[in-house]
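First chain written, first letter: the chains are A, B, C and D, and each begins at residue 1.
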Amino acid sequence: MTVESTAARSKQPRRSSSKRTSSPKKKAAAKKPAGDPGLVQLLTPEGERVEHPDYAIDLTADELRGLYRDMVLTRAFDAEGVTLQRQGELGLWPSLLGQEAAQVGSARAMRDDDYAFPTYREHGVAWVRGVPPENLLGMFRGVNNGGWDPNSNNFHLYTIVIGSQALHATGYAMGITKDGADSSVIAYFGDGASSQGDVAESFTFAAVYNAPVVFFCQNNQWAISEPTEKQSRVPLYRRADGFGFPGVRVDGNDVLACLAVTRAALEHTRSGQGPMLVEAYTYRMGAHTTSDDPTRYREDEERKGWEAKDPILRLRTYLENEGLADEDFFASLEEESTALGKRVREAIRTMENPDEMAMFENIYADGHALVDEERAAYAAYQASFAEEGN
Amino acid sequence: MAAEKMALAKAITESLRTSLEQDSKVLVMGEDVGKLGGVFRVTDGLQKDFGEDRVIDTPLAESGIVGTAIGLALRGYRPVVEIQFDGFVFPAYDQIVTQLAKMHARALGKIKLPVVIRIPYGGGIGAVEHHSESPEALFAHVAGLKCVSPSNASDAYWMMQQSIASDDPVIFFEPKRRYWDKGEVDKTAIPGPLHKARVAREGSDLTVVAYGPMVKTCMEAAAAAAEEGRSLEVIDLRSMSPIDFDTVQASVEKTGRLVVVHEAPVFYGSGAEIAARITERCFYHLEAPVLRVGGYHAPYPPARLEEEYLPGLDRILDSVDRALAY
Amino acid sequence: MTVESTAARSKQPRRSSSKRTSSPKKKAAAKKPAGDPGLVQLLTPEGERVEHPDYAIDLTADELRGLYRDMVLTRAFDAEGVTLQRQGELGLWPSLLGQEAAQVGSARAMRDDDYAFPTYREHGVAWVRGVPPENLLGMFRGVNNGGWDPNSNNFHLYTIVIGSQALHATGYAMGITKDGADSSVIAYFGDGASSQGDVAESFTFAAVYNAPVVFFCQNNQWAISEPTEKQSRVPLYRRADGFGFPGVRVDGNDVLACLAVTRAALEHTRSGQGPMLVEAYTYRMGAHTTSDDPTRYREDEERKGWEAKDPILRLRTYLENEGLADEDFFASLEEESTALGKRVREAIRTMENPDEMAMFENIYADGHALVDEERAAYAAYQASFAEEGN
Amino acid sequence: MAAEKMALAKAITESLRTSLEQDSKVLVMGEDVGKLGGVFRVTDGLQKDFGEDRVIDTPLAESGIVGTAIGLALRGYRPVVEIQFDGFVFPAYDQIVTQLAKMHARALGKIKLPVVIRIPYGGGIGAVEHHSESPEALFAHVAGLKCVSPSNASDAYWMMQQSIASDDPVIFFEPKRRYWDKGEVDKTAIPGPLHKARVAREGSDLTVVAYGPMVKTCMEAAAAAAEEGRSLEVIDLRSMSPIDFDTVQASVEKTGRLVVVHEAPVFYGSGAEIAARITERCFYHLEAPVLRVGGYHAPYPPARLEEEYLPGLDRILDSVDRALAY
């Protein structure tokens, strides 16, 4: 865990915290969500707390501010990623803008000993797991292909080949069962990824072996230029049913609902009932990556509609309305954001290129004669320039 | 003379457009090939003009794309499939190797599968992992497939149409870092055979064989060598399966020396096949062993190292020097 | 169509045949199936006709006898396959014993212009489509890898790589839609195959493009030594639901139900509603193939239990009880079976080995320089022996 | 002396058993590996003795098998995966090439993936399509993987344990048509390094390199050649990645001639790599070009033709003659 994470992740779900924010009075006032009854929501876009029969949540003011802070800081360094790409410091940046609640909420549901298998956009999950943002940026700068130690935060490397990590997550979860442990795993993937055979196979394996894995699908409505209807003609959460495990759709812009639903899903897996699918219904507010031009395939109207559902805004409204955070909190968080952006910027700008001999390293754990030969030949070749230079 | 100057990517677009126009059975399919026009804009505008029925945005599943393309071909269509990047062809590898490549033989010729698989390949564009690979040897080894790669706009234009016209499955490797290179395209010309190599530059001291993105680099190397008084003959192979060994042989019989250049790792790469076969064909003509310049036995490195990883002028000339020193 | 098929396949579903066997009286007497309510059944193992609210069927005596004859003859030449393998005439034979109803029933639901994509065990489907049995045996003898012309009977080649053909079937169906035709496709596969990514991807493509394809899964309880529970923890027909199309489980040993359900499924696909999944619940009575030894992994008890549900037996009982077929019919069918066995046996025994130069043929439609070179070199090499021999 | 005579398949069984006994992290997984003991009975009895938790029957999905094996390895396990036949490895190809091979490098060494993938490979058993292929070049070309193949029971026994002990992914090619061949296995011996070639027969006129199933055929060819007064040195390569070029080079420097033999198609096959590299290393020693004997550029043929397709004594000796005629 690094200092920037809001709170140390607990070894157990934080269910017994004492100070609760939703007083009975408040609870009584809570409304049923207005929208899709199949969509789990605990906080409306307008910042109103609503109850859901199956998913209760009861957080301290501290915890609520912590979730808010996680989302704000994630958004801040994500924006920095976009800027750094524009400035040529990064080759590419896949922004998570709009998906902060899905990522922070789900990741905050995890225990330290749980394991996250991300795709390439889970900067918010990484943040919560305590992976320093600079580490994430390295691969988009082109200095490595990942390179953080997955085991130091139980946060696997980003996986670019769509869907592959769902199987790694499942295998890891199978291993947990073999160890007799009660940890769990979250496999993150997108709406587009749901079409990959690997994801279907991971559903099969997880179901057959009762593996403790939560499949967390961020349906951000788009797979680059393709809307979700190009991947499925029914809501994605329903996919699970055909494999024999439950699926649920949660408002992916509602951090409370994401936290509550993922927590319940993780508990479900821990109890030996096998996997669960969570579809977080959200929106990719930005381009697919900095290389993408969404004006070619989607209307700005659509984006605008989702702006009203912003995950950060609604929690802020709630915090303000309930008097759970004061101006100082917001002001100091803004400073913290700026500082984080600066820190990331500086870290990137001073990030050194790898030594060219690194090409020949870490290909094999136990070595390989050809690699040795090629390394030596390359070194000799490089040395020949030095000689010529003499 | 109807020659136009256009970028290599644009030449492919035009070629696809012409094919779509000329044969109503031709389809274009893949991820994001529709409205977006593909991540490299190679299919730009095609869906608008030919409709969603012929230019098809597919679900995100490469095995599904190739597998359904096979089914469409069985129904009489001629699908041109786009794989978004080289590193994403592997989920489709099973369908390509066990089905696409073998079905004609399995049916004793009664089935033909005119499917083209377009793969933007190779490095040099500063991309993240899986976006810069050169997997051609993994396809050329497999009987039933043909593998080609244009190095310039004109070849891109013609070879694409010839590939679509071919009744065999063709893996069409597009040198993505040359997409924006412009060249003359004469749409009224009569193209040569699809699988014939081209002598891109004549020379007498040593033959350099390359294809796709490396042709340009080798031409630059030849120009640099010429300044040092060395005459390199550069052959643009164009086809990795079949390989036009006759053209290479004729050149090596003249020069006595051969360097093969490709981006793909050398180990088990196409250079090995060329070296082995040309050595057999030209044993008494070779003054030096065939030398190979290519990628190392390593995963394609992060972008900041790719200049070191990829064969460049210096590494090519170093091998030329070594070959000439024999 | 070859002469041995019972009846010419009609261009339209045979719904309007005049002479019906189930008189109103009989209908009134029909019982609801006793077993799993989710399992569509029209003929009990005891040979009693039962009704199903969603699946009516009304066949002439001729048609019923035809189905019976198809099953008997299929079983006959299948048995011949096993014998021929034992005698060394075939390298391998995958017997369909027990699955005759699933195959004959589903195949009889097809129109001529429909297309079947089999796996490697659909001898009964091949039979109905009019593929001469000898042709099927060639690949198991090792003289070719399939080699019949798929288009002459709209019956694709056997596909050995599990699950692959589901995608071919889907693509073919997509082509039908493009052509504006109202043909349909059946993709056959097994319970084991349901785990393959390719099958899941075919579900996705078929659903998204509304492709007219019926996924016909013969759940014969085993994938070699693995019971279906190793592939799924819920009934396989439910898989479809998560992809947004209907699935139904039919008694796979009930040829009437298989015919009725597949007919309805094909109609469903023709009406532009997209794919449908049919799970035919059946049993592989024999070994996986002649190379397999099922005593290593399953109890004979299980097999015995299924013997009582034999698809041929129950139709015979029905025909006899209803007086729809007389002794002459059964006797002459037995003769016909013997004759078919003999014909197949003779055809196999006299089947010539391919010419060795065939290795170099049909690799490419448009030729390949290397193949030409290798062919020539091989011919020269062979000729060198002849010379030495001189 | 503790040597026992046992079949090659049995030696693998014993080796797996020993590994399962010695390291509780070792798992065996695949289709039908449990009760059935695998279609070749290589895992016979293991599930009975080590339980379903360690000898795991998997769903029928090769990508899933390899993908979950990777996940298990990430959790600290050492999975030994069985692919039922060579032709069925392709659905897993993406997981092998893009994940298994590259994750160690992607993690800058912080992840190790000790996964063994067992593939019974090669022909000669009269099987139907997809059951007789030799896809080793498709794996050896890929950095991050190691590829080995034993030719005899003793090597099978030791190389399997060494592969399981290796912290790198190993593709373990089992010469299925030699499964029933018996050989001495000394379980108390100290085995040589996994990737070292072995001089299987000494000779002076010409070197023959082979691995896996072809070693026996080459030994027979050498015996036949000896009767005609020709002394062939036979090298059992054992490892296709890395390749022990030093051993081959030393031999070729002595004999001056090299024939490489494998079942896989020659075009882009391992023989190409060996020919290219040995020609470079031994240019002045070679009296003849390196000749290759292998499969044709064709899908593996139906069983009745495999004798013609596969390299046999005559075809090997024909190439030997040709090499000696230079």
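Keep in mind that, in the parts below, a residue touches a chain if its C-beta (ideal position, glycine included) is under 8 Å from a C-beta of that chain, and two chains touch if they have at least 3 such contacts.
Composition by chain, UniProt nomenclature: B, D = Alpha-ketoacid dehydrogenase subunit beta.
Values in this document were obtained by computation on a predicted structure and should not be read as measured data.
Colleague: Look at all chain centres (mean of CA atoms) and spot the one farthest from the centre of chain B.
Modeller: C
Colleague: Between chain pairs B-C and A-B, which one is joined by a greater number of C-beta pairs in contact?
Modeller: Most contacts of the two pairs: B-C.
Colleague: Once you find the CA centre of chain B and the CA centre of chain C, what distance in Å lies between them?
Modeller: Those two chain centres are 41 Å apart.
Colleague: Just the number, please: Cα centre separation of chain A and chain B in whole Å.
Modeller: Their C-alpha centroids are separated by 38 Å.
Colleague: Measure off the straight-line distance from the CA centroid of chain A to the CA centroid of chain C, and report it in whole Å.
Modeller: Whole-Å distance between the two chain centres: 46.
Colleague: Taking each chain's centre as the mean position of its Cα atoms, how many Å separate chain B from chain D?
Modeller: Computed from C-alpha means, the inter-chain centre distance equals 31 Å.
Colleague: Give the residues of chain C touching no fewer than two other chains, as numbers and ranges.
Modeller: 144-146, 161, 195-198, 201, 204, 208, 230-231, 363, 368, 370-371
Colleague: If you look at chain B, which of its residues touch at least two other chains?
Modeller: Correct list: 58-59, 61, 63-64, 87, 90-91, 94, 98, 102, 105-106, 129-130, 143-144, 241, 267, 296-299.
Colleague: Given the complex with chain A, which residues does chain B contribute to the contact?
Modeller: Residue positions touching the partner: 31-32, 34-37, 39, 57-61, 63-64, 87-88, 90-91, 126-130, 267, 296-299, 301-305, 308-309, 314-315, 318.
Colleague: Touching residues of chain C toward chain A in the complex: what are they?
Modeller: 195-201, 204, 207-208, 229-234, 238-245, 247, 274
Colleague: Of all residues in chain A, which touch chain B in the complex?
Modeller: 91-92, 139-146, 160-162, 192-193, 195-198, 223-226, 230-231, 291-292, 296-297, 353-354, 356, 358-360, 363, 368, 370-371, 374, 378, 381, 384-385
Colleague: Using the touch definition from the top, list the residues of chain C that touch chain B in their complex.
Modeller: Residues 144-151, 156-157, 159, 161, 164, 166-176, 178-179, 197-198, 201-202, 204-205, 208, 361-366, 368-371 of chain C touch chain B in their complex.
Colleague: Can you list the residues on chain D that touch chain A in the complex?
Modeller: So the residues of chain D touching chain A come out as 53, 58-59, 61, 63-64, 66-77, 91, 94-95, 98-99, 102-112, 143-144, 146, 166-168, 195, 241-245.
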